[in-house]
Amino acid sequence: MTPAALLLAAALLFPLLLAIGCLSARFRARALSVLVAAPLPALAAAILVPEGRFAFFPQPFRLTLVLDQPGAILLGGAALLWSAAGAFAASSMTRDPAAPRFAVWWLLTLAGCLGLFLVGDVVNFYLLFTLASLAAYGLIIHEQSAAAHRAGVIYVVLALLAEAFLLIALVMLAATHPDANPPIRSVVADLPASPMRDGTVALLILGFALKMGLVPLHVWLPLAHPAAPTPASAVLSGVVVKAGVIGLIRFLPFEAGMPAWGAALIGLGIVTSCYGVVVGITQRRAKTVLAYSTVSQMGLLAVLLGVGLETADPDATNLAAYYAVHHTLVKGALFLGIGILAATGGRRLGLVLLLMAVLALSLGGLPLTSGALAKLATKPMLGYGWLAGAMTLAAAGSTALMVHFLLIVRRDAAGNPAMSPPIGQFAPWLVVLAASLVIPWSLYPAVSGETVASLLQPEALWKVTWPMLLGAVVMLFVDRLPRRLGLIPEGDIVVLAQAGAPLVRGLSNRIGEVDVNLRRWPVAGLGLIALAILLGGALMFRA
Amino acid sequence: MTLLLDLALVAWLLALAVHVVVQRGERSAIIAFLAFGLLLGLAWVRLAAPDVALTEIAIGGGGTGILLLRAEAVLRGRGKEEEPMTRAGKLAVAVGCAAISAGLGLAVLSFASPAPTLAPAAAEALGATGLGNPVTAVLLAYRALDTLLEKIVVLLALIGVWSLAPDGVWDGAPEVKPAIVPGPLTYLARILPPFGIVIGVYMFWVGADAPGGTFQAGTVLAAMWLLVMMAGLKPPPDTSRPLLVLALTGGPALFLAIAFLGSIFAEGFLAYPEGLAKPLIVAIEAALTLSVAAALAMLVAGPARKAPAR
Amino acid sequence: MTPFAHATTPGGFLLVLAVILPVCAVLAIFACGPRSAARIAMTTLAAGLAIAIAIAVELIASGAALSYVVGAWRPPLGIALRADGLSGAMLVMTALVVVTVGLFARVQYGLHDGAGGGRAQTTFWLMLLALWSALNAVFVGEDLFNLYVALELLTFAAVPLVCLDGRAETVKAALRYLLFALVGSLLYLLGTGLIYGQYGTLDLLTLSRLSRQEPALSAALALMIVGLLAKAALFPLHLWLPPAHAGAPAPASAVLSALVVKAPVFLILRLVLDVAPPQAAAIAGQLLAVLGAASILFCSVMALRQARLKLMIAYSTVAQIGYLFIVFPLAAGSAELPPWGTIAWTGGALQLVSHALAKAAMFLAAGVIAEAFGHDRIADLGGFGRALPLSAAAFGLAGLSLMGIPPSGGFVAKCLLLTAAVIEGYPWLAATILAGGLLAGGYVFRVIDTALAIPAVPVAPRRPVPRRLELAALALAVAAVLLGLVPLRPFGLLQIGRDGLAMAGLP
Amino acid sequence: MTASLSPGALFGLCGAALVGIGLYAIVTHPGLLRRIVGCNILGAGIFLVFGAVARRGGGAGFEADPVPQALVITGIVVAFSASALAVALLKRLSELNVGERNGTAAPTEQRGRL
Amino acid sequence: MSAVLGIVTIVLVTAGAVLFLAGTLGLLRFPDTLSRLHAISKADNLGLGLIVLGLLPQAASVTGGLKLICVWLLAQLSAATASQLLGRAVYRGRREP
């Protein structure tokens, strides 16, 4: 077994081993402090292992690990955020008596999330997907408030739904494959020729869209992110949603292309990105606004992948991963920043607010930030038609949303007494912040095929600046309008769904009544007789 | 002529069965069921199955009858009727039952011809067992495993019945004596048992070669014991009494022991060594008869109601 | 090809032991009195487990079915016992569950009265052993009437377990169970009579060769299958199961739900696959699948509605049994692929085993909860995970298997069934499996959420519960999960004794 | 007609009818005791079917096939045991119900161990 | 000789059967339990006696004949007891309705 393979395996297994270690009460008590180290093997793997490297573990593990370019990009960014957020959590939750439990959920989610970027076979992909999905529940309900439990319940229902869609999709993918656990690559290669192609793709998109939070399956995000503790929100919004992205990257046939489904994905993405902005602007809590921003950004990612699928362009996966890693780092830093802001007052507040503004506007495409890089890198693929226009508008929308966010955090932090955040929280935040600024620069040439110098051209700068200005102006204008904040409740349409609850309850009550009747002796007896006649008749006369 | 008799018997059986079902009074229905059991015995005679006829009359009619009558006496007045059915529902059930009967009748009439039978095989193998009654041979040789398990079934039913006793008196004695014992009953209980025991032993003894056998004999013995207990001549024993336990487990235990010996000294589990088959079978039957008698009597007697005498 | 006549194979005597040894123990307890009940039972549990494992080892080593001709009287006159791969799996599963439940009960009874000898306790040991014997007899039985006796033995052992605590409602549940099961077994017996009348034999192996499409066989199959359905409590014949399984004491519920309902299902499987001619099997399979699907959906919703934990688990049993019935059309097989070569067959068998383990774990966990808190109302158990972490974990892990979440035996089973549904073109069955998984997720999650909640007034155990008690449930739950990690081994095992289909080529 | 109505067939048909009657009683009768009686009628019908089968299978010097007859004997004993258990349960149930209705715990009230 | 015995058998058995018939008629027609009891015990005991008497000449062996007599005696015994018990039940039922 090569060192590279060992490293890949360690990236997956190390967090799991730590989680298993938590079975020991003594280790568990100190588990919070290992969170920072858990993702380090993954980080090392992302940096050190050459791309395109496979590691295959023979029976009985039946595990295939693959590190390709999109996987490496996502893995690196995610591992960094996990590590930093872990350090943040270790500092912010020292007094929490339930912290050991939190650490266990954390390690499990982490193992699942990071493993997803690595794993190359169908069964283990599903396994890790499930692990990441379900363990995140523990992070969401950690605060044990009523809101957290409600968010947790809705999250689990949707996660299970996603699991179901995904399971059937994977089964349809692998059903005709001779190997019980085929590599993802080969089933995806077979997909275009499969008779169940369209159904499979539809289910895959449904399943992963739920995880990504595409409209109308986004409802769990704005509920779960504010409810979770700050470091957990950071990874939920930064990494866990990327499970859907990596899923689409891995399972859609970008080589062969599927124009119709590409178009559908594009449509879904555009709707989502607009919807996220519009609803986000009506929100009044910072974390909720960030959650809607994530929804909107995931819409943009969907558009990218949709274009790739439509035009049969495998490069789209690299670009999408690039965009995603930008979002991972920036969104993670923003969430952590909310925690920092809450602990900051007086002199330092201005500096922190400034950094937050840079981060926030980066999402809109502030020149020289990762946002601008991501937008520029993806521009050529989108072309110059209506799609590019729509994306520009979306960037404007993002900026508007972020301005709204900044206004909120400034207001929230205004009254803070003079204090400075603990270094254990401040340092990780700075690391993520710095990474969000640096990493995209270093990756840019590899991903876009252009030089870094091209980024500094005035026209390039202008290309990203004007939508921002547009957005900012619009937002400043909108902010003047008499607007009822909180008009749309968090989780928007889930409230509509809850209006249907009496209907569901009524149906359930009906079923209860039917059951009572069926369980009456004469009715069951009649059922027995009827079944015997039915079966006997069928056997006698039909066969 | 015989066909006419058979037809009359069948008609009577059906009429009684319907009577049992539609009769309002619980006791009348049970008495009709008793009569039904006796007639059924006749039907078995007509079907050339004297062994079954004896069993049916003894256990199916007699044993079940006394069980039901005793239950009826206890439940009278307090049995709460539950889950009645509408007329339409009853009609639907009636139609369904008729359909099942019709289908069954069709199946019975469509049996393969010539009838498949194991009679020749059973007759051929009879020599190896030394028995004269093929039914006994089936029960204790060819299909002895069924019989063994069925003994356990009876024992389990008994344990189940006993488990319904209240906790404190669990290993005590059941109560079968009525509050006032009528004189004639006592008289009968003094006179009849000697005859009954003779008859029972006789039934068991001939069972190897002629109609009769463990169940029939066991039932007769059980009836005698019950009679004695009901008349109050001898109280029912504590359920934990060693002698009773010995009687109950003795039969199955001997059966098992011989079965295991068969796997050492003969061709396998439940096989009998050449030449010893008949004596072994008779020994098993003897022990089983006692076990069956004890089990049936205690099944009718019901769970313990008195604290054990310590 | 397997010869169509029984002949005692080496190791066949193990089958006799599997059936008879618990019976010997029953007699021994009966004879020696209540005080020695637990001791004798424990010894027998160990020996029985060893026998089951020996049978499995012998099966795998020889690669052929084990047979034993009882008393050297060959069928059709005599009775044969036979264990193929599936039977072997059932025997081992039964032994595992029974032994674990036995250990649990030993600890639990030890909590209340060290000396032992009470009514409930003695009855429990006697019935547990008798039940084991009956189950083994069902799994290795080869003669229809012998199977009838085994089924009755099973019922008679199960009914007293239901009303062990002697409350009016449990006695009522037991009576209802007994009567309905009795009707079921009588219908089965009737079918047996018809088959004898038509073919002159009751031996399954012989019948598989003789059976043709004939009115008598059709009627017999219909009656037997429906009778067994009544005993298996498939929707809409589930009237007796929820009160009976919820009312029984925890160890009893565990064996009832995990094992007892499996016996009739196993027999239906044998009837449909071995006795029914192909066309009849197809028709019966369709009907059974419809009922199974209805069972999954309907009873999962009912499980969601229950306020009491044990009732919820009981309804879940009815729902999970449904999965075993949707196997029939999926495992129909074809000319070149016999039913037992299909993945649906493997999936069904795996579901059977993993449900047994998971359900027993759940009931034991529920038993620990009831022991600790004195009730099992889900709403009033908020935060029980803090007091009983191991039980909560056991419940959660077992729940994973029920929901079909990887890695667990339930997941592999449902995955195989789904694959079969997709390949065979049964989208409605695939949808049912998924919906059932979702609903199962709902009801399992409801309990997990309760366990993890931190209510204003935390629940406090009424009395401390020793760890040993919790470990039994956890062990079973872990076994259910681990089953998912060795999914392909049973695949090979299940082929043994099934027409000697080549085992090569399987992963 | 006469040929097809050999004693075997005749009692077989009678058994079939009894099965229907027994089932009807079990399903429709509100009283539990009568349901138990119904089970016994159902059982009697089934045994008659066995008897009919046995009667048809006479040969080799026997008037009837002994195997089904032996099965019936086993069946009758099992059915009796079932009736005994059912009756015991029914009596116990009614006893407990009476205890409840009287407002006091039945004298035989017991507490479950498990 | 055998012809005479045959005739004796026919006459006695027929008489017994007639008595049975009468008893059954009484059972069906009489208004209350006690009179039904009267009819059935009187007629049936006598009827059975006549039938057994009539069958005795046909018995193949002495043991066969003894068996027949035993049957009759046992039936007498049980019928007498049953009648007593029934009568008591009716009597007590009347006293405490």
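Observations, loosely collected:
For reference, chains read A, B, C, D and E in written order, and residue numbers begin at 1 within each chain.
By our rule, contacts are C-beta pairs under 8 Å (C-beta built on N, C-alpha and C of every residue); 3 or more make two chains touch, one makes a residue touch a chain.
Composition by chain, UniProt nomenclature: B = Multisubunit Na+/H+ antiporter, MnhB subunit; D = Multicomponent Na+:H+ antiporter subunit C; E = Cation:proton antiporter.
Since this is a predicted model, take the numbers as computed values, not measurements.
Path length between chain B and chain D in the chain contact graph, taken as the least number of steps between touching chains: 1. Shared contact partners of chain B and chain E are absent; no chain touches both.
Setting chain B aside and leaving every other chain in place, the chains that still touch one another form these groups: A, C, D | E.
Taking the CA centroid of chain E as reference, the farthest chain centroid is that of A. For chain D, the chain with the farthest CA centroid is A.
Centrality by C-alpha centroid: the chain sitting nearest the overall protein C-alpha mean is C. Counting C-beta pairs in contact, the pair that comes out ahead of the other among A-B and A-C is A-C. Centre-to-centre, using mean CA coordinates, chain B is 31 Å away from chain C. Look at where the CA atoms of chain C average out and do the same for chain D: the two points lie 27 Å apart. Spacing of chain C relative to chain E, judged by their CA centroids, is 57 angstrom. In this assembly, the C-alpha centroid of chain A lies 64 Å from the C-alpha centroid of chain D. Shared interface positions of chain B, defined as residues touching 2 or more other chains, are 82-83, 85, 89, 93, 96-97, 100, 103-104, 106, 108, 111, 115-118, 122, 142-143, 146, 150, 153, 156-157, 160, 164, 166-167.
The residues of chain A that reach two or more other chains are 520-522, 525-526, 528-529, 532, 536, 540, listed in rising order. Shared interface positions of chain D, defined as residues touching 2 or more other chains, are 19, 23, 26-28, 32, 36, 43, 49, 52-53, 56-57, 67, 71, 74, 78, 81-82, 85, 89-90, 92, 97, 110-111.
Under the contact rule stated at the top, the pairs of chains that touch are A-B, A-C, A-D, B-C, B-D, B-E, C-D.
On the chain A side of its complex with chain B, the touching residues are 520-523, 525-526, 529-530, 532-533, 536-537, 540. Interface residues of chain B facing chain D in the complex, by the touch rule stated above, are 2-3, 6-7, 10, 13-14, 17-18, 20-21, 26, 29-30, 33, 36-37, 40, 43-44, 46-49, 51-52, 55-56, 59-60, 63-64, 67-68, 70-72, 74-75, 78-85, 89-90, 93-94, 96-98, 100-102, 104-105, 108-109, 111, 115-120, 122-124, 134-135, 137-139, 142-143, 146-147, 150, 153-154, 156-158, 160-161, 164, 166-169, 213, 215, 292, 296, 299-300, 302-303. Within the complex, the chain C residues that touch chain D are 77, 105, 108-109, 112-113, 118, 120-121, 124, 145, 148-149, 152, 155-156, 159, 163-168, 171-172, 174-175, 178-179, 182-183, 186, 189-190, 192-194, 196-197, 200, 249-252, 367.
Residues 82-83, 85, 89, 92-93, 96-97, 99-100, 103, 106 of chain B are the ones touching chain A in the complex.
Chain B contributes residues 182-185, 187-188, 191-192, 195 to its touches with chain E in the complex.
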